[in-house]
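Think of it as A, B and C in the order they're written, each chain with its own count starting at 1.
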Amino acid sequence: MTATLVLQDVARHFGGVPAVDKVSLQVPAGQITGLIGPNGAGKTTVVNLITGLLHLSSGKVLLDGRDVSRDEAPDLARAGVARTFQNIRLVPDASVLENVVAGFHRHEKAGLWANLLGLPSARAEAKWMNERAMALLERFGMTALAEHRAGGLSYGHQRRIEMMRALATEPRLLLLDEPVAGMNDAEAESLAGIFRSVAASGVAVLLIEHNMRFVMSLCSHLYVLASGRLIAEGQPDAVGRDPMVVEAYLGA
Amino acid sequence: MMNFFYTYQSLFDHILVYALLALSQYVVLRAGVFSLGTAGFAALGAYGCALLITKAGWPPFAAIVAGTMLGTLASALLAFPLSRLRGVFQAVATLALVQIVLSATQNWVSVTNGALGVNGIPKVAGTGVLLSVVVVVVLLLVAMGRYSVGRAMDVIREDETVAVSLGISVPYYHRIAFILSGLLAGLGGALQATSSYAITPGEFGFGMLVATLAMVVLGGRTSVWGALVGAAILTTLPELFRVFADYRNVVQGILLLLVIVYLPRGVADTVIAMLRDRRLRRRATPLPADPVVGDPASTGAPPVNPSIDAGVHA
Amino acid sequence: MLMQQLLNGVVVGSVYALFALGFTLLFGVNHIMNMAHGSVFMWGAFAGLYAVTMLDAPIYVALLIAMLAGGLVSVALDVFAFRPLRRRNAPEFSAIVASIGADLVLLAIAQKVSNTAVMRFPFDAFPVVVYTVFGLRIQLLQLVIIGLVVAMVFGLVWYLYRTTFGQRIRSVAYSEQTSRLLGINPGPVNMQVFLISGALAGMAGVLIGLVFNSVHFAMGEPLLLRAFVIIILGGLGSIPGALIAGLAIGIVQTLAVAYVSSGVAEAVVFVALFIVILVKPTGLFGQSTAAMRIQRA
């Protein structure tokens, strides 16, 4: 069975300088795959290439076997590709609930006029989305904060809101860009539980992280990126002991 | 009491017309479209309506509808190319539009009577008509803001990258906002024509452009109330205080500067946010610490990291 | 006759280019569309005029005073309007709104001071000397204007490309973040840019005041609108673009006024702007940064 996400020799240059060079990887459904590497290795660039925010210089991206290399970002999002951002990007003045509900956009069925005029179908849909969003909040333990201003909450809470929003899209592929950066171990561990359950429900998860320890316990397969190139891949233990990987991290 | 009302009736009418124009400006700014074209579409609506009544003998209400349609059609045509632009470019393009319409109304004398304007427009848009129109428009806009269109616009305005990553088609919502704005402006212009007996090109120039922008900046661009509050304040101030009337431009200028630097969300939006925060604080229990997910005893857990869990800011 | 009008067009166009240069410099470095730039220009013209009429200053001194005034007003704009916004990382929208507000204030003050009068430079402010070459009437004023503009452009280019200050300016224009990392403090750089662009605008103010024989509190607005056309046509942030487009607009406008009518000339300029924005917003020489910037920092 083909993996949900396949990258074939993906490359991206910026005026002759390769930011990402001949990267090939696979992210199968139901597992957590890790993409690690020192700072500046190009991990976020890879994510941007996958989600269509950056165009590929060469190579192919396949989503469930379909070539999506030329697809635009909104199309990829509608096809079930969700991501979180390295620097948290929420609507600070909107409530937690409103932020999460935004993620349901791709599932909206009520037409434009129904929404413009506030017809029953739009209201029913809004109610349904609110309920689903509250369910997500419950899963993340934040129901008491539903009405609070997202911008005024703690870092840990904001990371969760981003996560909930990404999950609201019910993705096939979830890209997590350094989701536990700046968290202590206990907080990170609680999020890890959620990642595991998301993967278990059949989603393909690509975890981009800088923190080796966190990644070890969570991922079934690892890719290591350094200076835009893949320098190692395989089982976490083996990769962790690979001398090239150790050097890349120590040298960084 | 009624005496008071009659004395200020024309001021009230003026507020209502400008409320429509401010709402037209609000709609685009809420969606993150930096259009300054309200005055241009208002001119089209006003002249379309006025000329149909005075030169073609149309019945006034039909002319109002036609004027509105003219504004809507123009904005619909322009919405497509304009939705490909961003920020500064949209601003300059719509500014050019206002200038083009202004030039046309001033120079196409055979049709528009040039700088003398159009006179003798029957006053069919009395206070009752204006009030009903504004109420209906406000209801529709509040509904729009509450459901998918408003939500999508908010995300687009705040962070276009996020909107795109959630599958929201930015050009589509930009177009909707722009066309709605043209409709409201056209309507406002037509009603201005039919509530003040005469129109001149100068009314729809940069004075109107700046005024409507100032109203939305002052009141707030994320909620309908912002536009209404802004329109009410800026239309009333010159009447209440002579000094504001004489120095209208300076006041608007200083207001714009002070508000955008120190109170960027505008008066109404800031007040709404403050009220909401106060309501939450009064009702809520102390903020729970970052709970360990899935742990049923989480609400009793001690804070994991007190320095990070700083809690809600006012 | 045509040659005469072409000459007039080149003269006017070169002053437009001077004004647009300051405008495009601001955009290139700060990504700001300074809507108050027209009023900076106007205040420069006023300063130059009052220098001549009240201080009996010779025209070249008046020119220097105009440049100084323009530079100072421009820096004041930065300090009071743009800097606080930059500190807050406010969106583009806020900067434009703030500049509109500042523009209104500058206009109102000038209107009050001048009592809405249309003033002119005294007849003897600049020697009236006319050369006739091959049937073409060339005024000394016209030659001086062209000379000044050329000198200013060379000066600006030399400053930007041959001095350390200029290097810093170009570095901040390229990327403020990187420049900070390299130890360049953007504060003084921004101030220099505002100063230079204001000085250029101030000089343009006096020159236009001399060419069209009128100084009026609303003289900046039509110039600002033309500047939009010029920098978008020529490409935002592009110096050669501003020059070539400036000359082009000056020539087109002069010919249109001479052979058709001034009303039509206005309209033509704006329709041109509209079309250019819609078809190729990056202009003839601009960078591709004008395209949809999906990724914010």
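Here, a residue touches a chain if its C-beta (ideal position, glycine included) is under 8 Å from a C-beta of that chain, and two chains touch if they have at least 3 such contacts.
On a predicted model such as this, the values are computed, not experimentally measured, just so you know.
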Among all chains, which one's averaged Cα position is nearest the averaged Cα position of every protein chain shown? B
Looking at C-alpha means, what's the farthest chain from chain C? A
On a C-alpha centroid basis, what's the spacing between chain A and chain C, in Å? 47
Express in whole angstrom the distance between the two chain centres, defined as the mean CA positions of chain B and chain C. 31
What is the distance in Å between the mean C-alpha positions of chain A and chain B? 37
Chain B, residues touching no fewer than two other chains: 159, 161, 164
Per-residue multi-chain contacts in chain C, two or more chains: 294-295
Which chain A residues sit where two or more other chains touch them? 53, 73
Under the stated contact criterion, what part of chain B meets chain C in this complex? 29, 34, 81-82, 84-89, 91-93, 95-97, 99-100, 103-104, 106-107, 159-161, 164, 206, 210, 213-214, 217, 247, 249-250, 252-257, 260-261, 264
Quick one: which bits of chain A touch chain B in the complex? Just the residue numbers, please. 51, 53, 73-75, 77-78, 82-83, 85, 89-94, 98, 101-103, 105-106, 108, 110, 112, 115-118, 122-123, 125-126, 139-141, 144-145, 147-149, 152-157, 165, 169, 184, 186-187, 190-191, 193-194
Mind pulling up the chain B residues that touch chain A in the complex? 140, 143-144, 146-149, 151-152, 154-155, 158-159, 161-162, 164-170, 176, 222, 265, 273, 276-277, 280, 284-285, 287-288, 290-294, 298, 304-305, 308-313
Could you pull out which chain C residues touch chain B in their complex? 33, 80-81, 84-85, 88, 90, 92-94, 96-98, 100-105, 107-109, 111, 221, 225, 228, 232, 263-264, 266-267, 270-271, 273-274, 277-278, 281, 290, 292-296
